[in-house]
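Take a look at the structure below.
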Amino acid sequence: MNHSNEQQSNKLSGAEVAKHNSRESCWVIVHGRVYDVTEFMPEHPGGSKIILKYAGKDATEEFEPIHPPDTLEKYLAKDKHLGQVDMSTVEREEKEDDPEEKARQNRIKHMPILEQCYNLMDFEAVARRVMKKTAWAYYSSGADDEITMRENHSAYHKIWFRPRVLVDVEKVDFSTTMLGTKVDIPFYVTATALGKLGNPEGEVILTRGARKHNVIQMIPTLASCSFDEIVDAAEDGQVQWLQLYVNKNRDITKKIVQHAEERGCKGLFITVDAPQLGRREKDMRSKFSDTGSNVQNTGGDNVDRSQGAARAISSFIDPSLSWKDIPWFLSITKMPILLKGVQRVEDVLRAIECGLQGVVLSNHGGRQLDFARSGIEVLAEVMPVLRERGWENRIEMYVDGGVRRATDIIKALCLGAKGVGIGRPFLFAMSAYGLPGVDRAMQLLKDEMEMNMRLIGCSRVDQLNPTLVDTSGLSLHATTVPSDTLGLGVYDPLVSPQEMVRAKL
Amino acid sequence: MNHSNEQQSNKLSGAEVAKHNSRESCWVIVHGRVYDVTEFMPEHPGGSKIILKYAGKDATEEFEPIHPPDTLEKYLAKDKHLGQVDMSTVEREEKEDDPEEKARQNRIKHMPILEQCYNLMDFEAVARRVMKKTAWAYYSSGADDEITMRENHSAYHKIWFRPRVLVDVEKVDFSTTMLGTKVDIPFYVTATALGKLGNPEGEVILTRGARKHNVIQMIPTLASCSFDEIVDAAEDGQVQWLQLYVNKNRDITKKIVQHAEERGCKGLFITVDAPQLGRREKDMRSKFSDTGSNVQNTGGDNVDRSQGAARAISSFIDPSLSWKDIPWFLSITKMPILLKGVQRVEDVLRAIECGLQGVVLSNHGGRQLDFARSGIEVLAEVMPVLRERGWENRIEMYVDGGVRRATDIIKALCLGAKGVGIGRPFLFAMSAYGLPGVDRAMQLLKDEMEMNMRLIGCSRVDQLNPTLVDTSGLSLHATTVPSDTLGLGVYDPLVSPQEMVRAKL
Amino acid sequence: MNHSNEQQSNKLSGAEVAKHNSRESCWVIVHGRVYDVTEFMPEHPGGSKIILKYAGKDATEEFEPIHPPDTLEKYLAKDKHLGQVDMSTVEREEKEDDPEEKARQNRIKHMPILEQCYNLMDFEAVARRVMKKTAWAYYSSGADDEITMRENHSAYHKIWFRPRVLVDVEKVDFSTTMLGTKVDIPFYVTATALGKLGNPEGEVILTRGARKHNVIQMIPTLASCSFDEIVDAAEDGQVQWLQLYVNKNRDITKKIVQHAEERGCKGLFITVDAPQLGRREKDMRSKFSDTGSNVQNTGGDNVDRSQGAARAISSFIDPSLSWKDIPWFLSITKMPILLKGVQRVEDVLRAIECGLQGVVLSNHGGRQLDFARSGIEVLAEVMPVLRERGWENRIEMYVDGGVRRATDIIKALCLGAKGVGIGRPFLFAMSAYGLPGVDRAMQLLKDEMEMNMRLIGCSRVDQLNPTLVDTSGLSLHATTVPSDTLGLGVYDPLVSPQEMVRAKL
Amino acid sequence: MNHSNEQQSNKLSGAEVAKHNSRESCWVIVHGRVYDVTEFMPEHPGGSKIILKYAGKDATEEFEPIHPPDTLEKYLAKDKHLGQVDMSTVEREEKEDDPEEKARQNRIKHMPILEQCYNLMDFEAVARRVMKKTAWAYYSSGADDEITMRENHSAYHKIWFRPRVLVDVEKVDFSTTMLGTKVDIPFYVTATALGKLGNPEGEVILTRGARKHNVIQMIPTLASCSFDEIVDAAEDGQVQWLQLYVNKNRDITKKIVQHAEERGCKGLFITVDAPQLGRREKDMRSKFSDTGSNVQNTGGDNVDRSQGAARAISSFIDPSLSWKDIPWFLSITKMPILLKGVQRVEDVLRAIECGLQGVVLSNHGGRQLDFARSGIEVLAEVMPVLRERGWENRIEMYVDGGVRRATDIIKALCLGAKGVGIGRPFLFAMSAYGLPGVDRAMQLLKDEMEMNMRLIGCSRVDQLNPTLVDTSGLSLHATTVPSDTLGLGVYDPLVSPQEMVRAKL
């Protein structure tokens, strides 16, 4: 029986598909079509377990948010495309009465209205309650102990203001220019993967939000929407940048870059902090509870070495990428090229020497190397060196990671950044409230920005400068002496006045 | 029908007023008079929602504490004053049986007696339990994450004493002189807005408390009582100062200043840290829960941009105020002029050069720019520079924010302050216990002051000097490395000896 | 009727006494005798309320622990001693069925056995559970926010070891000499007041414990036992020191000092950190709940100014004591004289210049000036200055406050102390377990001492030196930036693996 | 009656043994043989109580895990070996229905499967739940307040990365060489005592795990398995080292060392941080609750002075060991000799001068001297001094304590270590999951290592160097100012948006 001709009119039946439900022969249905993934399974970047869960069944709902539309076309050999299935004959999975999902639906019913969100943290609080657990785990997780992920915002708390008073701040203009593009406020929407996990429409919602507030969106390589969908969602003149994972096959990379340039992208951001995609244990744990409950073997040889994933990924992301590839990039595009993920001053200097237009000081949102320093800390290390050499205008500096308040943006600009990238907060706003959420999140930042520009005593961003901040504690990575457990336990803490139980009369 | 003539003898009926209960036509009753606020509503600094809640009804109770008596006279056009209403015809709002309010009344019934308050924190603890939630939120809130608000007191904890021993401290005199006025103890009651939120009598209670303990009161521009009420409450010879928000209309400002001088004010404190009034999210959230529960629209276009408030406020507070306005102030009054809200040494030097008599190092109680440094930290930055120039006696330095203990006052004086301003603690004492509360709060400070002057080994405030304190950690803004969540989770903490369950005999 | 003749055989009746139960006429019974305290009441250092509680009644149980036996003899005029009462006629107070006391008795029944205490903290944990609340509050409380009280131990946690290895430590000798007296271990039992609050026998238990372990006891001026009782409890050759509060009446002081010398005391420690006894709010709160529950007046004029207490105390402790009194002390005794409570290097230098034999760097256990630095921190400030001048052997340095571990003792000795004073831990051991508790506490310290001398690589205390410790963080008084409340709230912490709910078979 | 002849065929009866159940005559059964321990009891390093618990009974189960197989042969005089007992006549102890044990068995039944462990902390979390309380207490406890034990891992959190980007890291090789042996990854299994407490097979499981991952195992002197059992468990060519406690009797030591050399050990690690074995209170407390519940005497003279234990141990571990013994060690073996437990730079220099091949910077896992610094901190102190002298290649530096992540290993190597020792994590993995647990733990480290080598931008361990880390905060031992209890209590924390309770329609 040859099922490989997709044009054939005879649809497969659900019963036929259902027979192929094992590691030996594994078919799955996606969007009404059947695919034989038996051979592909061991190479699946997400592991084979999750595929086996849907062996012989309809996997569309699980597949959809985490794969761009053209995934199967690109990565599964044509002869494994077995043609259409008659969906009316496919048994509908009786959804188990999942109490966790019921609780989530209930939380959604009572979720706070949008007006109750007063800052970017609030969207995260709501998203945590209303998102699917696995989606939340994917967005919210970081590397190892998530120290760097949290440090990213915490670092801003070590920077304090030295505001000026008695400056005319009636009119405040916080617009600026990034790589030649005029924007309303000095942030851009940075690239984040798998937007459909949070919202069925995916990254195009961010495109619309960016348009509304006149800021730039950086399009991710690993988007849920295809690149063209995201570009198509932009309006005339709306500027987008491209975030690039460099493929081992440079022809593919070249095609991606040149296509982006043709479609009008105004900047190429090469990710350099991810030669291998990070382990995120919160994410792994959430997936385990999803698929692992039928695994009972604790024997040593059943240990998943994750080598499949590592190997599979290596075709998407080339771990051999190095400084000697830079000239080639400069040769294939006229877009400004920036490095995303630089983490020390030596590499910033080298980027300048290579003739690049900028760097993003970033640790990938704390998702790659734990104990990498925050972008803002690295910025404070970098700028004095650049100024000493008179190089501060030869490059545009950006930082991302941990930005949650307009004061954070102002701190970065005081220290010399051209702008900041913001990622997760918009994902959370989008996941909880869709476009209105993104809209409000951006508006809140604008409101905060106007207020805080006034309060620091500056009416334009070019007035922001290092004398307005105190960063003396920024590079201190202190832990305190482990707690005096017994001492704290025996200490009888002071209390406030207690309720009066008055004598009965 | 023309209601604009206030002299008319025909009173309006409650039923007539009740018809105007919508955005299209909105009348409200205040103190037995009717006002048409339909057109004014969008400009209301507090937003239109809160007005709509009282459309067609008696708003007196809500209006009273947050508007000085002459507000409507001043800000609502005369033709919108529709005359008196026959209050007997106004339907009494059946107060809903609010369980939260019932719980509060119960807490009031069992509130601690005044003698149970042993320090200034205690009044705050009681006030938190017995105040209306919205009033508490207004007083207790700060900017953004309230980091600076808390840092203000926390900063004092970074200053430690180097006390002298074997000094004769039998007689301790901690009186001092502020702008030429002799006071019993080196603090003054600083300006805080909306005193009637905490106590129906408002700021005059503070006037009486200040009198009793011979300290100076600074009268706030945004008081609930009118300026003259507060001055009238003072006794002969009692000294008051004026805190000034500068109006865009300088004629109004001039009138305020010169009126204050005529009424005997002895100092003019121009607020310079509030070109725009801060966003305080705790306050916003508390108001939302008060008025927002009938809002069901989560759409993006219903987002309240708060522009109404910003615009409205800008007539009260001029964001264009700048150094070049200072000579004009010097020309319109003979009162000493001080800047309230200076936050870095450069601006202190400039104030001296402008011929001003003093500055208050302040961040507005942490209600304006979050991550502004504490006044006491700025003081430690300022004084060495002044001393180096020999300028330390050309100006009087004050600090406010976070003062809760006599030791805090002593620390400020050791570092060079002439005195400190205390605000919230007296508001909380007043809100919980009225004048006796304020009286006890001040007395507790005096008791602590006498004790601690002895213990530091000084019998007069002019003996306080920098060698008596260790400030080496003051300017360090440290956060610790984000917590080792897993490590802390698996650590099995030491415990104290457990109860013995003896063997049965 | 004249009751003043104590020799009269006619005993008073309980009924007669019971009539004098008011502020106007107030009699109390102590140890079977009646006293008229009507006039004395306002001068009572502990306030009049507590006396009124026992007006017309037997106050023995309350009086006993907090007054030395000869108090009434000394401080109440003879004509107020009204003679004996026939105790059989005195109505026994029906003890209310106090649920708190019942719970305490139950805790005592199940208290851990002594062997379960493995360190000094453990005695505090037990004492907290089994002591009377007021007694616990008196012992455990400190000044203001109790910051210094806690810092005292915490400071030791900032000192880390640089131990030597491969040193022969088979035989470890940690005995030393203090003011010429050979002791087994370099600590002494420092002076603490009111020992009978914790144990009916009072300070003599400490005398016996000190004897057993061959350490010195410092006898407190404010002991529950009389001075002579404590000296009598010592065995032949057992060394004791005297802690002295200097009385305004120097004749009294002289008598005390010379009596102590005659009785064999070998050191005079003049307390210099307490010109006024500290306010301890935990103590005040505990007393309030004991006596204040019938007070319903919250009016301002009922405020207790505590002036009575301050005035009364001033006869016991002279706040005018100063450096110029030192020569007089040197003239009245041959005992070595040391200052207890010195808190900065300048005063140590002066003490040397005055010819004194030593100082105790101390802040009175954190009970006087809050934010005074710990003794151990001051020691690290003092010794380098002394060594620079070559004065390190001209004086003996002691520290007290916060010592809980032998490692603390070793740290102090490494930094230059001759020995350390330990107070509260022995009080708690005595309160929980009596003499066996004190014995075990001291033995535990000896066991720890032997172990840790070995582990730091020293076989005698004279080998302890500054290179064995790292004190670089000792003088840093850091607080962290106020917590990122919202950020911490939204962070989803990592968790350890969860229980497996295996599929049912 | 003479029972000393082991060859006799007449077995003893259980009833006969049961009579000897007191301090006066105490027999115990181990592995079917009877021993008279009456005289030995007071010398038992573990105290006499635990022996008395089994007087007249079968002690095998308790004895087994904490004594090497040849213990009784070695330490009990032959005439106390009373011969075999007829086990059928020994009364089986009715195991009490211990609710704690039942709960533990239940936790074991639901323990997470091995795949749920994603990092080394996870094994500790599982082990804590499934191990016997006393075994857990022995493994997990540290000295005094366990400050150093926790600092060991915490110290790594003060070291942050300065990663390089754009380095070709396709192939990552993290193998290295230790004392000439090629290993897969730069850690070794360090020596830890009493392996059978966690797993009935004991240390041989670690031998097998080390083999599988090609790393070195250090054999502990105090293993549960005998030395030869552990060597026998190794496969051909598998390298092991010997950890040595030096016996007072140097002949015994010589025999141990030379036997190890003959059996092929490739390194001798002399423990120098334990002249006396540490007090670990968590361990003591857990043992107390096991044996102490029938003790009711709280009298002072029943205090266990622990002198028995100290004296007994002193025959195993010689506290007089010193630098002058080193030449002797060099004379008796050709194995490289290293010192384990060096804690300051001075002693590292001396070790080099003595001609030793290496040191382990270690504080014995925080089990000996509390407030000893972490090995990694000492390493940062040592290496600059060595480099200054050009001595960095004259010795191999190792660190142990607190290593939990591959990033920790990388940090140590960046700072100059040749490798790190890991102990407890493998014990916990073994205790929870046996060999598969150890296997997975090691594999996880390898996975992390590969990933993080890539992310730091190094493809071989010899590229790791100090410029890749920021250690500026490493040597800061900070505590924060004691908490502002009242202030924190009255602060009303910010909250995230609350659930919406919508108006009913």
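To keep things simple, chains are lettered A, B, C and D as they appear, and every chain counts its residues starting from 1.
The definition used in the following text is that a contact is a pair of C-beta atoms (placed from the backbone, for glycine too) under 8 Å apart; a residue touches a chain by one contact, two chains touch by 3 or more.
For clarity, every value in this text was computed on a predicted model and none was experimentally measured.
Asks: In the touch network of chains, how many steps separate subunit B from subunit C on the shortest route?
Replies: 1
Asks: So subunit A and subunit D are the same sequence; what rotation in degrees superposes their CA atoms, nearest 5?
Replies: 90
Asks: In terms of C-beta pairs in contact, which of A-C and C-D ranks higher?
Replies: So, comparing the two chain pairs, more contacts are at C-D.
Asks: Roughly how far is subunit C from subunit D, going centre to centre by Cα mean, in whole Å?
Replies: Averaging C-alpha atoms per chain gives centres 42 Å apart.
Asks: For subunit A and subunit C, let me know how many angstrom lie between their CA-based centres, rounded off.
Replies: Here subunit A and subunit C have centroids separated by 59 Å.
Asks: Which subunit B residues touch at least two other chains?
Replies: Answer for subunit B, listing residues that touch two or more other chains: 113, 116, 118-119, 121-122, 125, 145-147, 150, 154, 157-158, 281, 285, 296, 476-481, 484-487, 489-490, 494-498, 501-502.
Asks: Would you tell me which residues of subunit D are touching subunit A in their complex?
Replies: Going through subunit D, the ones touching subunit A are 113-116, 118-119, 145-147, 149-151, 154-155, 157-170, 405, 407, 411, 433, 435-436, 439-440, 443, 447-448, 450-452, 454-456, 470, 472-473, 476-480, 485-486, 489-490, 496-502.
Asks: Would you mind writing out the residues of subunit B in touch with subunit A in their complex?
Replies: The contact residues of subunit B facing subunit A are 107, 110-113, 116-118, 121-122, 125-126, 144-145, 147, 272-273, 275-276, 278-279, 281, 284-285, 288, 292, 295-306, 310, 314, 318-323, 325-326, 339, 341-344, 346-347, 368-373, 475-482, 484-487, 493-496.
Asks: Under the touch definition given earlier, write down the residues of subunit C that touch subunit A in their complex.
Replies: 119, 121-122, 124-125, 128, 136, 140, 145-146, 150, 153-154, 157-158, 281-282, 285, 289, 293-294, 296, 404, 478, 481, 484, 486-487, 489-492, 494-495, 497-498, 501-503
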